[in-house]
Amino acid sequence: MKIAFIGIGNMGLPMAINLKKASLDPTVFDLSVKAKDAAAKEGLKVATSAEDAIKEADVLITMLPASQHVEDLYNGSILKNAGKHCLLIDCSTIAPDAARRVQKSASALGFAMVDAPVSGGTGAATAGTLTFMVGGEKTTFEKAKPILEKMGKKIFHAGPSGCGQVAKVCNNMLLAIHMIGTSEALSLGKALGLDSKTLSEIMLQSSGRNWSLEVYNPQPGVMENVPASRDYTGGFGVQLMCKDLGLAAEAALGTKSRIPLGELARNLYEMHRSQGWAEKDFSSIIKLIHAEP
Amino acid sequence: MKIAFIGIGNMGLPMAINLKKASLDPTVFDLSVKAKDAAAKEGLKVATSAEDAIKEADVLITMLPASQHVEDLYNGSILKNAGKHCLLIDCSTIAPDAARRVQKSASALGFAMVDAPVSGGTGAATAGTLTFMVGGEKTTFEKAKPILEKMGKKIFHAGPSGCGQVAKVCNNMLLAIHMIGTSEALSLGKALGLDSKTLSEIMLQSSGRNWSLEVYNPQPGVMENVPASRDYTGGFGVQLMCKDLGLAAEAALGTKSRIPLGELARNLYEMHRSQGWAEKDFSSIIKLIHAEP
Amino acid sequence: MKIAFIGIGNMGLPMAINLKKASLDPTVFDLSVKAKDAAAKEGLKVATSAEDAIKEADVLITMLPASQHVEDLYNGSILKNAGKHCLLIDCSTIAPDAARRVQKSASALGFAMVDAPVSGGTGAATAGTLTFMVGGEKTTFEKAKPILEKMGKKIFHAGPSGCGQVAKVCNNMLLAIHMIGTSEALSLGKALGLDSKTLSEIMLQSSGRNWSLEVYNPQPGVMENVPASRDYTGGFGVQLMCKDLGLAAEAALGTKSRIPLGELARNLYEMHRSQGWAEKDFSSIIKLIHAEP
Amino acid sequence: MKIAFIGIGNMGLPMAINLKKASLDPTVFDLSVKAKDAAAKEGLKVATSAEDAIKEADVLITMLPASQHVEDLYNGSILKNAGKHCLLIDCSTIAPDAARRVQKSASALGFAMVDAPVSGGTGAATAGTLTFMVGGEKTTFEKAKPILEKMGKKIFHAGPSGCGQVAKVCNNMLLAIHMIGTSEALSLGKALGLDSKTLSEIMLQSSGRNWSLEVYNPQPGVMENVPASRDYTGGFGVQLMCKDLGLAAEAALGTKSRIPLGELARNLYEMHRSQGWAEKDFSSIIKLIHAEP
């Protein structure tokens, strides 16, 4: 089985390396020379063009920055150059609508395709413990699953085409909301004289419990080995959260949905980003909520 | 040890019954004749007045509706009529500032007192599985703990005077936020074609995880034995959540704190209440987010 | 000078009638048979197809529901069938990005085009007192102006291509914000015992002053001849405001802008719409804020 | 007629000076030595204590920082030391509830009293062009009016006791909302390529019109002689707006009112304050919305 992997940036490279470790030696490509050099240094086979990577592939995996890149690459090249038997797996996080448009075009040409965005960040990509949320036909999902398992730990079938993106966007919006909510609760508690560590322990065992409290406390000094304990470096960046909240808002507009906390979260994260926190971990939002020392 | 219990409504009565079951046979009182009749029917000793209940008590427990009732009862009667050795335990949910004022007055007169608001609702009150969040001196907390253990399962010492209230108010604000956030995520997912049960399962195993998803899913049909599965009856009422969010907002005003999601949650819950949902369970907020069938 | 007018619904029809009154006898077209019949009854010349309307036109005016309709009609027909000398005026309210894409295509083919969305509603369309916010080259604006003056009173040149749409979307977002703000102020005042008429008069002469207070008071009984005085009928519909707030949010997403009040306004209006108020005037939002009688 | 004036800070001093200019030579007092020195330098009669100022007064005017100061001074001294014929005028901006409590106590002792908060800032205080919003009996209002006219231009009777405060708090909340809304509209327009001056002119003549656009544009370079044109100095400070929005939120809590935009405005202004803008003019909020240059 020949695998092609296009888009080997911060996420794509460690994913491709995990495929190689699993003896699924992928042929990779990226428009960035720097990315290609990094891949070559890791011993990966680097193609000279997207077409070169695609032409004999049985499976194609893409990991690209945004909707436009995915639509352009699939419509401009992949759907023209790939063999019809080639299984198409798009791991990019993009708008559900865009994912559905691409999958519809692919399907019309006889391709089997899934959208399979990931969660977990670069740490999980390196460790091979990503979560994949997959949208597409059940049978296509079953074909993609064994390959995704080489790069991840949890592989969910969310539903038909686009549903992987929907699950990702809903999950990350909820993540942003409880991260800000947790920051507000800890900040209010502190202002009222309650130690953040004690309050975190109490809420963890009460109805306020959530993932941010469990494994990602935003207040420095409460947990070890979280971004808050190392000046908010090395986690999931504020600008990536802004991107995901933008996708959630875009999806809400298209369906006339109400997401009042979700859109307020988007605005707060964009404010935070615009004040110089773009590259820091998203749990640093507590600094917007609680500016004073 | 003689225990007096004042305020035997929906919460106070089952709590007093649990004390009786633990052979701590309390003398109870309430201004409501109906409440006193219900207590008598349960075999509880009913005092003829608050003073009558208090006068020989070694421990006094109060469970009252709001700050004003607590301040009036303590300043107007308890601090005048109780013996100085009497341990004072206020289980009402009130403003941290009010709790601190009362505790300061009590302390100035030589009383030991804690604020000990509960979470868990009438179900946990009956089952004796309440959570108590306690504020006050460590030594007073240690004295109150064995008594509270007759009525609850988790007994936290949150910090000095008022910190029980602070913990409660912060926890419940966070609860409201992730309940609305969960409702938004499920609603957005549904609008985009994703089944609520599947999305709930995925988010439960991902970073969106929170208590609402774990044990209290707001979407009918996803979980059994939750208020959403019985037309939002029998849980924690919308108007009680409004009360707690009001206390959170009041505390934020007093400390100039920022709780943007918390105050928006307050407004959304007040809107929901004013549209006829006051008595329904607070997870019914999904109906405000997602009005269409 | 021959004028073609495509899209003769609630807004387009009275606009076309005003052109006829000014002796600029337009040839009109619409996909809806009902709309064509209504136009014929008014004595307007009705074309048999869009192409038929366009073919000999010196000026083409379009008034369509949304971005997609405009892109489809211009790319699918107008830019192929119109004479190159034909001045293109799109009066639809659409996304600034969509307006710019269409204008770019038109320009590449040698057409002069402006985006010229209107404000004022059906009343102003009938009275010929619309406001036009125009985007495009100054010289094209000057050519369009005398024609627009037959249908409106204020004709603004907002800037280059798309800026008419930008001005419209920004203005209407601000309108929604001060309408909700005014509703909150009147509602809070009322709850605190202050008569809405008195409060309106005071704020009108103070720093709270805004267009909603001046000419469109949302509280029934304060002003005569406004939608609030006739059960919120006959004004600018809630669903139209939802559309404009959706365009504002879409524009904010594309530019990573922060519009916290604007997006909250969108969510509140969508809530209101989903609760059965779609067809009522947008000042009825006070009923969402103040549900009790 | 003898007038006493207590509280001669930034606002009180120029108000007292205007009384003196009108030959109503007031006796003034303040706890701050600095304030008393400044008053003496202006030729005002300075009393040695509040009691000294009050004792022979026919009219007493107070201008104090917050609810607590007013309650303490009236209950602790004024209501005990003033003659029963003395007309009491409180010009402080405080919670409507607090104003009503004080006025109730005053009334019970036979005093005639009004709450008469001002708007207009130090500039209007100096120029004698303040707006007074007055709550109290109509006959008391009529007695106070000629005195207030020496310090202000518009004197409104808002309604019974406390209604002056209600009008003030509602007006200023609405002001904050349209100032932020105007900032959002200008910021979004700019991001989409629309010049702020042009957009301001268009919205001023359209339905987005409001006081912020008319006389207080927040974007530097659009208007001369506004705080935005002088680095946001010399206007109505961010921390004063925070205070007023806090009073609005407090009033909303007490009445279970929904003010979603008002409370979000409070949070945004508190964020802005906490990031170092406390002393700057409130129109600087555009910098929170639009951080980039």
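As written, the chains take the letters A, B, C and D, and residue 1 is the first residue of each chain.
What we mean here is this: contacts are C-beta pairs under 8 Å (C-beta built on N, C-alpha and C of every residue); 3 or more make two chains touch, one makes a residue touch a chain.
Because the structure is predicted, anything quoted here is derived from the model rather than measured.
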Shared chain contacts [chain C and chain D, defined touch]: A, B
Chain at maximum distance from chain A, centres defined as averaged CA atoms: D
Pair joined by more contacting C-beta pairs (B-D or B-C): B-D
For chain B paired with chain C, centre-to-centre distance based on mean C-alpha positions, whole Å: 50
CA centroid of chain B to CA centroid of chain D, Å: 39
Per-residue multi-chain contacts in chain D, two or more chains: 256-260, 264, 268, 271, 274, 289
Residues of chain D defined as touching chain C within the complex: 96, 119, 131, 133, 154, 156, 158-160, 162-163, 166-167, 169-175, 177-178, 180-182, 184-189, 191-195, 198-199, 201-203, 205-211, 214, 216, 248, 251-252, 255-262, 264-265, 268, 289-290
Residues of chain A touching chain C in the complex: 242, 246, 249-250, 253, 256-260, 263-264, 266-268, 270-271, 273-274
Chain A - residues contacting chain D, complex: 264, 271, 274-275, 288-289, 291-292
